[in-house]
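You will see chain A twice below: alongside chain B first, and alongside chain C after that.
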Partner chain A sequence: MTIVYAGLLLGALGLAFGGLLTFAARKFHVQVDERIEQVKECLGGANCGACGYAGCDAFAAAVVAGKAPVNGCAPAGEKGVRRISEIMGQAAPDTEKMVARVLCQGENGVAMERYAYDGYKSCAVAASLAGGPKDCRFACIGLGDCQDKCKFGAITMANGIAQIDPEKCTACGACVKACPRSVISLLPLSQNIIVRCRNSDTARAARAVCMDACIGCGRCKKECQYEAIIVENGFAHIDHEKCTRCGACAKVCPCGCITIE
Partner chain B sequence: MQKLTFRRGIHPLHGAHEGKLPTRNMPIEDYVSDSVTLIMSMNIGAPAVPCVKKGDQVKVGQVIGQASGFMSVPVHASISGEVTAVEQIPYLGPAPVMAVSIKNDFSDTWVDDLKPLGNVERVDPKLVIPAIRDAGIVGMGGASFPTHVKLTFREGAYCDTIIVNGAECETHLTADHRLMIENSERIVDGLRAVMRALNVEKGVIAIEDNKPEAIAAMEKAATGREGVRVQPMVTKYPQGGEKQLIEAVTGRQVPSGGLPIDVHVVVLNVGTCAAIADAVIDGKPLISRVTTVTGCVREPKNLRLRIGTIAEDAIGKCGGFSETPGKVFFGGAMTGLCLPNISVPTAKSTNGIVAFNEKESRSKDESPCIRCGRCVAACPIGLNPYQIKVAADAGNFELARKLHVNDCILCGSCAYMCPARRWLTPSFKFAKDKLAAEAKAKAAAAKAEQKGGKAQ
Partner chain C sequence: MSANMNVFLFFVSCVLTNNFIFSRFLGCCPFLGVSNKVETSFSMGMAVTFVMTIASLCCYMIYNWLLIPLGLKFMNTIAFILVIAALVQFVEMFLKKNSPTLYSALGIYLPLITTNCAVLGVTTLNVNNGYNMLYAVLNGAFSALGFTLAIVLMAGVRERLESSKIPECMKGFPITLVSAGLMAVAFMGFSGLV
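Entry: the complex of A and B
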């Protein structure tokens, strides 16, 4: 008999508290925009922070509140931006897919070695020791600070230099911030012709430290029919809007520092 | 006499004893090389500005780099001859530094306008600190802090004890040891000059007990000198750290972020004292220093090198390498700075040139922390190195700052003791550098804002 009383008592208590919770849920309900959840589903989901917000949740809330642009999340990609725009009832802005590129070809053996570094595995630390392990002060140090920061596994280190897989890269920009030498830059994915050197020293000094250094000779500039190339600070720059991706510049470059992907 | 020491610390026995053995009985030899390269940033603070140009003839002791502000000291030609280059050269830091190269004509002619002040007991105390500044003297124990800045106190601060740092706790180095044996009078003279300049009555010369000859020599030199005494110390690392030495000798603790003067003490290295004596008595600027050249070199020696001697020349004077070197560094094994190559010149603070063979210089991979706490027991400051390491490796420098990483003196005791071979000290240095850069950026931003506000 005791077990029946106990069962009844617990059942009654359960019902009472259930009723209380239902009441509380109705009474104190907080209106949440369901679009926040929908937007969140379209994002990269890595909480990379590249958008400038605390994480994906905060960014989604900001988008719905109209404080952040719909294309603010780079990892969301083109598809994600289109869906977020649909949710927000806006026209999808024209976003070109960007990708991080390593603007250096100073592999081991190509860039001169200043000393054999055998210390703490961090580019920033190595860069502060006698100007870094490679003679070129613009070169990729190759100890993988960018790799540590990449949440998408897009960066691998090979032969003393970082390599970025454009398929996996979401252009979040974490590697750009992590690089103490500013060797990594975000470029449009369609821009397959890239000047892979940023050495602003004189031609002679640049060539003395790296076989693949841009010496600022200007042959690419002369070859370009679309005036897309300027030589400034001792190295060539390509204007992505003017460039037609013809590849003529890469063919004449005597240093092999313009590459076609 | 009772031997004093500080709390915690380590005993790098095999390093200290084996490392110091080859040179501890080697008398100081003079060495003048064919050429020198004097870097302009030989002190903490603003670098000197070169005031000679290529082709100029210079004499020994001539100013070739002028001080650029209060936190700066002049640089003097350490040999006579022709200036062959005034250019930027890569040095031990991240950025290249300005340097003046001189080719020796071996005439060793001094400048004519030296201003000797005479006996330290009779010199006008007011003239001592300007003489130290003009002689370009910096802390010669390794930190290269301008000595005249150290001796100029802010309003209200006072000093009651001057400690002469003869601990030389670093492994491999015996330069201070030999200097104390061979130039003991000069060291006491330098100390007396500073004591009179600052009106201080107590001068303590602190020497570790693994240098009994130095203790005997200094005691002999200190006899009959007013207020000067020799204090033997227990041999322990980092006894020669400024804050550790103050704690050991006076029992006072320098507060976090504070300076020795906050506890009314000034610490000077023995080399600095000898340089001060040269500057005051003879009016000679700092142009040479004793440097221990040891490790895998054929004949390890203590050399009195002219400032700016190329490391390669000094090693050549010691018979060259005895085996293939893996690493060459300035300073001892615990706090020394690695050289990118051996064509780097020495500076005023270079107390040693040590070469390690390939086996000695191979670094070991780190393994996970096993929470044994040996680093905590070793840290002379009383920090928790294992916690700071986690914060620094995760890039959480703010947490590292809260754990007082800025009080770390980078002595390497924790890393030396770590059985998991954690790379503790490099990550602390990294965290300290990052925090310093952040603080600098913040200060610059605040200054810019203030300026903007004023303009409106």
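Entry: the complex of A and C
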């Protein structure tokens, strides 16, 4: 009998409190803009903070309040931005999908090793020890600071350098900030021709530390019919607007540092 | 001894001698979590006071008027949890409507009052000590005031700590726990007062 009483009593209590709370919920209902919830669903949802707000919730609220741009969330991707624009009743801004690229090919064996690093597994720590474990002061150190920061699992470390999967990359920019050497850049996804070296030393010095270093010879510049390449600071730069992705530059590069994805 | 004197002694006993945080070690989660700013911690203390007072009253009524007549004394923990959960939900709705600033300042710690052992602790203590209705409510209110006192004092200490030179390894949580321990030692001095 006791067990029946116990069940009944708790059931009744639960029902009574439930009823009271329902009543209170009606009474104290706060009108929340339902668009906030809708916008939130379109976002990356990783609370990466790349938008500059405290998290996805804060960003969604800011978008609805008109304080943040609809395309402020990089991980939302093109689809997300389009849907957010629909929710907000705006035309979708023309945004090109960006992707993070590692501008270094200094794998183990390609880039010269200054010393064997055996310490705490962090690029920032290694970079501060006698100029880093690789001779090149622009090289990817390859201990995975960027990998730790990537919330989308897009980065793997292979043979001493970082590799980014463009499919998984959402261009949130966390890795760009994490890299002590600034090796990672956000580039348009369509830009499949990339100068994978940032060594601004003279040709001889650059070549001495890495077999794949850009020596700033300018052959790519001469080959390019669209004047999309300039050589500045000792290495080649490609203008993404002018480049037609023909790939002629990559064929003539004597150092193999222009790659076609 | 007059009734007033009794109540006063009861107050001293709840707030200082048997302080919930420093001598019973109940409610330590919000004590460490929300004691960053004096203002927020005071609001948290007030929210806890409200919940604890009402919870003491409700639980007293449910225990004495429902559980005892039905011979269901052993169900007290579950019934009390139910009451507390419903109350906290209610407080949350109320604050969301009437004080959004306070609501966002308390953040996650507001729903966490549900699982704050201080609230369940006070209702269980009321039953164990056999308090009558008045004393049960007073116990809830005074104990919560003791909680408020502790959390506000702690917030004051932590605000000072922000601007003082602390060894790197002690910054943040470690120094907070050390200060909490020292404060607990200080509160031990009140034992034997009542």
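The rule is simple: the second predicted complex is superposed on the first by the 235 of 261 C-alpha atoms of A that agree within 3 Å, B and C clash if a C-alpha of one lies under 4 Å from a C-alpha of the other, contacts with A are read in each partner's own complex, and residues count from 1 in each chain.
Just so we're on the same page, contacts are C-beta pairs under 8 Å (C-beta built on N, C-alpha and C of every residue); 3 or more make two chains touch, one makes a residue touch a chain.
Predicted model only: the values in this text are computed from it and were never measured.
Touching A:Ala248, do we find chain B (first), chain C (second), both, or neither?
Once the two structures are laid over each other on A, A:Ala248 reaches no partner at all.
For A:Thr2, is the partner it touches chain B (first), chain C (second), both, or none of the two (neither)?
A:Thr2: touches chain C, not chain B.
With both complexes superposed on chain A, which partner does A:Arg114 reach: first (chain B), second (chain C), both or neither?
first
With both complexes overlaid on chain A, does A:Val176 touch chain B (first), chain C (second), both or neither?
In the superposition, A:Val176 contacts neither chain B nor chain C.
Go through the superposed model and pick first if A:Ser122 touches only chain B, second if only chain C, both, or neither.
In the superposed model, A:Ser122 contacts chain B only, not chain C.
Which partner does A:Val30 reach: the first (chain B), the second (chain C), both, or neither?
second
Looking at the overlay, what does A:Ala130 touch: chain B (first), chain C (second), both, or neither?
The first partner, chain B, only.
Does any part of chain A touch chain B in one structure and chain C in the other, and if so which residues?
The overlap between the chain B and chain C interfaces on chain A is empty, containing no residue.
For a test of understanding, state which residues of chain B touch chain A in their complex under the given definition.
Where chain B meets chain A, its residues are 90-96, 338-341, 344, 361-363, 423, 426-427, 429-430, 433-434.
Quick one: in the complex, what on chain A touches chain B?
It comes out as residues 114-115, 118-120, 122, 124-125, 127-132.
Using the touch rule from the top, collect the residues of chain A that touch chain C in their complex.
Residue list for chain A touching chain C: 2, 5-6, 9-10, 13-14, 17, 20-21, 24-25, 28-30.
Spell out the residues on chain C that touch chain A in their complex, using ranges where they run on.
62, 66-67, 70-72, 75, 78-79, 82-83, 85-86, 89-90, 93-94, 96-98, 100
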